[in-house]
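Data block below; observations after.
Residue numbering begins at 1 within each chain, and the chains themselves are lettered A, B and C in the order written.
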Amino acid sequence: MSVSHIAPAGTAAPPPAAGTAPRAIVEVRNVTKTYAGGVEALSGISLEFPEGRLTTLLGPSGCGKTTLLKIIAGLIPASGGQVLVDGREVKGPGQERSFVFQDFALMPWASVLRNVAFGLELRGVARSEREAVAERHIARVGLKGFEHKYPHELSGGMRQRVGLARALAVDSKVVMMDEPFSAVDEQTRRKFQEELLELVAKEGKTFLFVTHSIEEAVYVSDRIVLLSRRPSRVSAIIEPKIVRGDDPEKIRRDSAYLDAVEDIWQQLKRYLD
Amino acid sequence: MVIAGYQLPMMAALIVWAVLWEIVGHTEAGFILPPLSAIIVRVFEIVPTPSFGEALLITGRAFFSGNAIAILVGIPLGILMGRSVIADRLLLPWVNLFLSAPLSALVPVIMVIFGLGETTIILTVVLFAMWIIVLNTRAGVKAISPSLVEMARSFGANEWQAFTRIYIWAALPEILAGIRLGVIRAVKGVIIGQLLVSVVGFGTLFEVYQSHFLMEHFWALLLVLFAFAFILNELMARLEKHFGYFAASR
Amino acid sequence: MQTTDVAPTVAALPSVREASRLRDILIHPLVLRIVSFAAVLGLWEYAGRIPLSAAFPTFLETLVGLRDIAADGSLGKAFLITLKPLLIGLSVSVVLGVGLGVLMGLHRPSEWLIAPIFIIAQAAPLAALIPVLTFAYGIGLTAKVLTVCIMAMPVIVLNTLGAVRNTPQSLLEMARSFLASRSQSIRHVILPSASPMIFSGLRLGSAAAFIGVILAELLITPTGIGDIISYNQSVADYPKMYAAILSIIVFAVLFIELLERIEVSLFRPEKRP
């Protein structure tokens, strides 16, 4: 794994345009979702996701955070309201968005290389070209040498790296991650979180992240959206003022980090039975 | 399928096919495939006859004894194979062999040894039904979570208790699935046996109807048999769901 | 098993180790397989010598019978005759069965219309249709081919339908998120994902096809292997009758084993050694 050191990027200095507030690249306007059985999952959610930042949707399990993410991705239709990405209304999946799945969603019959190149293959990019791009991203997530392995030969953590490389390979502006680290072990998870910080700092992409882990949310996010229990509403938006120095380990001991975790826990506690 | 917001039941399509059958039955093909209505009339005619009752009794008897033997031998054999590596390696090749072998070729062997009687039919049923029960039971026992067995041991369960309280229950969903598949194979076995022996049960009726070109009678018999088989299959599936309710949650 | 080179401190240890090595050899899969086959064939030989029944030749007598029918060329000819309806019927069933299954899997109305027929056919004793087929098509090749088809097709159709229908939801969403068109989803995700299960349907279909072709040869008119079986049964030449049965069973089992090998090498990277 190549962990080069990240340039210090404080919350006051967002990547795209330092000083000015970043524009909202994703706008969610009064989105509701009622499932066929009459279950109301989302109840009038309005949100903005600033460009170049990592925003996390956090909430109790079953609160509809994945539903919201998939509505933004265009994978499931909203019952009401609209979603704008880059000013255009979402009618379905689009080239400017890519998705990282909770269960990895790797094709078991295809090699790592083919899995990563899949998005480009669907776009009709020539084989040599798409494989070159895929190889670069495979190396980027630290899987150099595994190009011709099959998913079943990889560990859970490595599989999710493939899923991440696949999402990055199409070079979309917005990367959505649905509990991407929930199926990997704790050590791998921590490593992933550190790498994610590096990725956000370097790529200048917008990341939408879903998790049910408070620590994970505070650790990786510029902005945390707390969702209430079903039918889900936005109950708070928190911007942890953590100074991200060059040592990712330091963050976990930072008092701003610990305060934010405690604060969110106090707010979420009331949703527990 | 949904039409105008209304969910059409799956099997409603059979009405379409029944109408088609009726129409075809009134064409020249009616010689081979008589109209469904005529066949249904014939069903009510032949079902009350003593020859049908007798055939049903003999077939039912062979079917149930065959299944009983297959289950009583198959389940213990499967459990043995699931628990003992040696037994597994000794027996598995044969179970797999009988599972994919053309069993219809073995019926003549049973015929020459046991004669043209009920025994042959029963053994044919066993031959068709048993192997899938063995294989499923074996798979079920092998899939038992070791921690479940360790849990029982940690509470001081002995070998017998572990067997009756854990193994049987934990493997039950697979065992039931095996029995269902076995019963379906047994239906095919009992008919194949009777077709080949042809002097027992429905075999006699098949022979009589066929040799006298009584196509309506023949189709009526087929209709009754297919309906029986289908209902049996549904009942077994229901039973499996009822007793294997925890299968999906493991 | 213990195989390390620890110096024996107890006198009994070497013999314990030897015993365990002996046990290792005894439970080796290959050894047990040989033991298993030897035991069953020995039992056959013994039961034939008692004799169990006048109609039960010993294994060795059966081998002599096999040599006789193989030497005079009748076995080879019979196989060619039997394989003809088998292979024609199986090919028709595969093409039609997989086609119908895929159609139903992708198109709900066709499933509604066609699936019930095959669900009933799967449960019903279709062998009882053989007399009708004979009646309609005479005693020639057609009736035998159709017998093979009605036996083999239901399982192929239903397996294919199930395989297409059971494509993992997350893979379908993944393809959509990368903007796959309907036909791309079918070609790149649904069909590859369904292939292993379709192929196991073919295996089950082949086993049923063998049952069907032998049944047809015994019931319609004695030809091929069925002819050797019924002729020798009627003249009480049991060794030859058993030899023919043994040869077709071994052939069928090897044929299905071959299909399984093909399945593994084509579609199941996780099972390759």
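Note that in this section contacts are C-beta pairs under 8 Å (C-beta built on N, C-alpha and C of every residue); 3 or more make two chains touch, one makes a residue touch a chain.
Because the structure is a prediction, the values reported are computed rather than measured.
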Draw the chains as points, connect those that touch, then say whether the picture is a line, ring, star, complete or other.
-> line
Among the chains, which is located farthest from subunit A on the basis of C-alpha centroids?
-> B
Euclidean distance of C-alpha centroids - subunit A vs subunit C, Å = 48
Rounded Å distance, subunit B centre to subunit C centre (Cα mean) = 18
Rounded Å distance between subunit A and subunit B, as computed from the means of their C-alpha atoms | 51
Touching at least 2 other chains, the residues of subunit A are none
Residues on subunit A engaged by subunit C in the complex (per definition of touch) | 70, 73-75, 92-95, 97-99, 101-103, 105, 107-110, 118-119, 121-123, 150, 152, 170
Residues of subunit C that touch subunit A when the two form their complex = 168, 170-171, 173-180, 184, 188-189, 192-193, 195, 267, 269-270
For subunit B, which residues are in contact with subunit C within the complex?
-> 1, 8, 10-14, 16-17, 32, 85-86, 89-91, 93-94, 97, 99-109, 111-113, 184, 187-188, 190-192, 195-196, 206, 210, 213, 215, 218-219, 221-222, 225-226, 229-230, 232-233
Write out the stretch or stretches of subunit C touching subunit B in their complex.
-> 27, 29, 32-33, 35-37, 39-40, 52-53, 55-56, 108-109, 111-117, 120, 122-132, 135-136, 203, 207, 210-215, 218-219, 225, 229-230, 233, 238, 241-242, 245, 248-249, 252-253, 256
